[in-house]
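Look for chain A in each of the two complexes below; its partner is chain B in the first and chain C in the second.
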Partner chain A sequence: MNSLPFQSLYDCLAEFQQRFNAHTRVKKLVVNWDRSIVVEATDSASVATMMIKELHVTEVLSGAHPDTSNPIHLQAGESALIRIFSGDYNPAHALIEGDLAVFSSEKDKVKLEAITMVIWGL
Partner chain B sequence: MFKKLSELLFYISFGAGLAFGTSSFTIIAGLFEVVSAPWVLAAILASGLICVLISLSVAELASMYPSAPGIRTYLKIGLSDQISLVLTFLYLVFMVLVAGIEANMFALVLSAVFPAVSPVAAISGLIVFTVVVNCFAIEFPRVLQVVTTLAMILFVIGMGIYGVVSSPTDYVFTSLAAGCRHEEVFLLPIAMVMSIYLFTGFEWVTLLGFSPQSYERRIPVSMPLAIATNVVSYSALTVGLACVMSRVQIHETPIPQLPYLTALLGGSGAHVACGLSFLAVFSTFNAGIMSGSRLMYTLTREGKLPRWCAIMWYRTGTPIGAIFTLGILSLASSLFIYQFRLELPAAIVGSSIVTLVYAAFMLAALRLRKSQHSVRRRFASPVPVWAQWLVIVVLLLIGLSTLVSSPVNSGQVAIGLLAAFVIAIALARRSHTKSTAAIGDTQGDAS
Partner chain C sequence: MPLNLQGIALDPVHAQWRRVAKDVATKLALDADRVDREGEYPTLGVNLLTSSGLTGLTVPKEKGGAGGNIKTAALVIEELAQGCASCATCYTMHLSSMTLMAALASEDQIERLLLPMMRCGRLNSVAMSEPGSGNRLWHTDSYAERLPSGYQIDSFKSFASSSGNAGHYIVPVRASNSVGPTDISLFVIDGTDPQVKPVGRWDGMGLRGSASTPVHFDKVLVPEGNRLGSETCGFSMLFAYTLPIYQVGLSAMYLGIAQAAYDTAVAHVKKRIHSDTGLSLSKLETVQRYIGEMRVRIDQSRHLIYRVAQMADNAVVLFNELAEADLLDEIIRANPDDPFFIEVAQVKVSASEMANDVVAKSFQVCGGSAYKRGHRVERCVRDVRASSVMAPSDDTLKLIIGRQILGIEQPWEG
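Let's turn to the complex of A and B:
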């Protein structure tokens, strides 16, 4: 397997934040969709939260800061999460392979699937 | 505590509501064509018990791969990619069949109560409505799902009991035993296959876990409870029907709820039956199309279906390519079933498919205990291994029985099953060939 492009999950999410914010088409998908997405590694202590507000990922926080009304929680091994958020591992494949778990409302799952397809394609 | 309880209640109502559709009444009428009332009850109880055992294996799989698209993931990791693909496509065929049967039965009730409404218009209207709702990603509140399912189930149980108490006591026993013969035991396998249809859908709750902890107890417990709830409601309905109507009267109509409620409630019974059918179709149809389209979308992103199935509407983020494809297929299936009055053969074909899929789930769970023993399980099925093997064998045997002892034209069922397998295998082969070609292209590019 190739070496991971990032040393830590936090670094990877920080880079993803820039990619997300620079993407014009993805903004159409996140209109009125302010959420906090908790990203948790199952094989290490790494947990981070991406805050999406007014069409942007405004910050990446260390630790879990779940939204009480619309919680979104992603779980996978740390290397899988890094590969997913750096575009090396199709999240749809990761879900099918059982490497990724997504806990949220059905509507938010549909939205997440759409976001990943816009950013990384099929 | 209240939060956990309401979460559990939502899972139970989702599983029970998805399984209890308008076509459930058709299946119960079909069961009366095969066997007498006591054996109908025996078939419902036996199938319910088998489904509980299956649900425990499904819960174990879900605890290993929470939120995964169950049928594709469990069978791919537990059995093989090709078997998983064939069974996933078979399951999609089943979903299209169910949509067709549900739309037909709802249209029949609607047209009987409002003769000005043509069945074709009702079928088309229902499917168009569902497609639009899904395209706009309109999500009905969870509380509405719980309330509508609870209302429907309590009403069915209540009407079943009312049917019994409104009949003279000695008549209850006479009518229940009418036509009951010991030889009917040989018809129990086909009755059980048909009854499994009555519970199908309970497994979709595994996609909905609110949190990782949901897979430890709440989801595993919710599935048996949803099945038990439906066992009670179907049994109450069966006894009520047997007390109020003759066996011939029950099975000569695919919508027995209509004459039954009319007999019990008089003129208003037809309108009540229409309302009940709407409640039944609501959860099954909406959740079915939504789940089916997401499964298609996932398969497309995996490269197993044409790319247009992943076309998305940016405003809502919904996979309109998959939703429209499933909507068109459901409409075609509905009109075909309507034209040739194939609701019961279609339901038996669907039931046989599900029986096979459920056997595969149990087999996958057993195989994964050896091959993936290090993967964390938040829940393990308490059913002994020998009992799980027994259920697998029983499922396969009763599934095969549909080919030899179907209550309707066995030829129609055999052709339907064959067609479903040909479609599933062709789609699986096509996607496998494309995947192999894609790998070849990649290697060519690399060199």
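Let's turn to the complex of A and C:
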């Protein structure tokens, strides 16, 4: 039985895009922070990229579209990624548990952590 | 011992400051017995802390400090406590104030207050607890009264280390009499203001040089420029910037007391030979077991302190990011149960219980020698007893931890 709320990573990220864009607090954190975030499932072929531009997730693309100057790459099993981006699994907890790997500059890791605290809370 | 210690070994900056602290602690130890016996404030020690650059330890380099972090502070405080726990107490409070100052001070406040604080030869104090709420530090009854030129503060604080000797006091009070107990303003009050009135002389069971008397801020006039941050941000800022270093610092201090007692006990055991049997005390299995138990407890506690210190340093980076986006106050208020604060609560309880246990065992091992006034372990017995009752007390912290686990609202949320 599949208890995940979404069938695919792409669908999940598309829904996350709506929630992110409706979140007023998080916009304060992404001022002048335009990034592309590659989200890769390590146990399937699923890869997607979230484009953040001018305070919004402007689009979710299939495949990897990395920003070479500020690369951000998230890796986890597909079910963990779906649980994370549907709001069921706090990424900070996933990181501590070894379920999520984050590859980015240290400064961007802090930004991601702050975004996590604002969106996911505890 | 494996040679690959990446992520385990201290970095060279940590090690450098620990060496500095060890040197200072050796000198503090020479005066510690007198400080304890006479209940004297450790002025010589404070001078040493200033001249060695330790007074600005946790202030970022770009703000004129040494650039150390909370883990550095833990290492330094542990060393200092082995020399003189009274001095380490005052220093822990000082660093708790400096970390807050460094986070919140405006450009003007950095020039006018923070930089002189590192060089003036006096430590700061944080005057938090009040008679009404006791060790429940999140609740403040006293309040600031707005005047055209600033504020008037009339506040009685129950315990303030370095009382009467502090260069400045950080004083949290309610922003006005019409706001709630957690809508707190933070004020920097000059220790030389004649309206700052220490009450009596500190005559504690232990930490006798810490000058932890009550202080009455008796209608002190404070300019608006001495308020830190926005008018009601104090509760969150204390949670974010003072609580972690305060709790980790106290834990490191208890660790230092325990280490000093343990070292004294081991030296005693190795030296003592019973004349009737001709056997060293170290040959007794009971003693061997005590020594082993103490070592295990000290090591467990030390590793927890380092881990929470590291977490706290990471948290400060995150808090700074949230503060830059003007989100810190609302995020902390929205997450009073954040597991990070529970870790911070746990570390103090753990260190306190460890230190009381280790000091009691050291006392037992040293026997009648340690019962005599002036013995190193005798002083540790009295000093360490403060740990479980010093605010927030171990009982209060356990209540907070339990409530978080059980999903029950915290006392400050009501």
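In the analysis below, the second predicted complex is superposed on the first by the 120 of 122 C-alpha atoms of A that agree within 3 Å, B and C clash if a C-alpha of one lies under 4 Å from a C-alpha of the other, contacts with A are read in each partner's own complex, and residues count from 1 in each chain.
By our rule, a contact is a pair of C-beta atoms (placed from the backbone, for glycine too) under 8 Å apart; a residue touches a chain by one contact, two chains touch by 3 or more.
These numbers come from a predicted model, not from an experiment.
Chemist: Looking at the overlay, what does A:98 touch: chain B (first), chain C (second), both, or neither?
Modeler: Only chain B; A:98 stays clear of chain C.
Chemist: State whether A:51 touches chain B only (first), chain C only (second), both chains, or neither.
Modeler: The answer is neither, since A:51 touches no partner chain.
Chemist: Tell me which partner A:25 touches in the superposition: chain B (first), chain C (second), both or neither.
Modeler: After superposition on chain A, A:25 lies in contact with both partners, chain B and chain C.
Chemist: More residues of chain A in touch with chain C or with chain B?
Modeler: Of chain B and chain C, more residues of chain A lie in contact with B.
Chemist: Looking at the overlay, what does A:117 touch: chain B (first), chain C (second), both, or neither?
Modeler: Both partners, chain B and chain C.
Chemist: Determine, under the contact definition given at the top, whether A:75 touches first (chain B), second (chain C), both, or neither.
Modeler: first
Chemist: Hey, what residues of chain A end up touching chain B and chain C alike?
Modeler: Correct list for chain A: 25, 28-29, 110-111, 113-114, 117-118, 122.
Chemist: Considering the complex alone, what residue numbers of chain C touch chain A?
Modeler: It is residues 317-318, 321-322, 325-327, 330-331, 334-335, 337-339 of chain C that touch chain A.
Chemist: Within their complex, state which residues of chain B touch chain A.
Modeler: So the residues of chain B touching chain A come out as 64-69, 72-73, 76-77, 137, 139, 207-212, 214, 290, 294, 297-298, 300-303, 307, 310, 312, 314-315, 317-319.
Chemist: Name, in rising order, each residue of chain A that touches chain C in their complex.
Modeler: Residues in contact with chain C: 25, 28-29, 31, 110-111, 113-114, 117-118, 121-122.
Chemist: Report the residues of chain A in contact with chain B in the complex, numbered from low to high.
Modeler: Going through chain A, the ones touching chain B are 25, 28-29, 71, 73, 75, 90, 92-93, 95-98, 101-103, 105-107, 109-111, 113-115, 117-118, 122.
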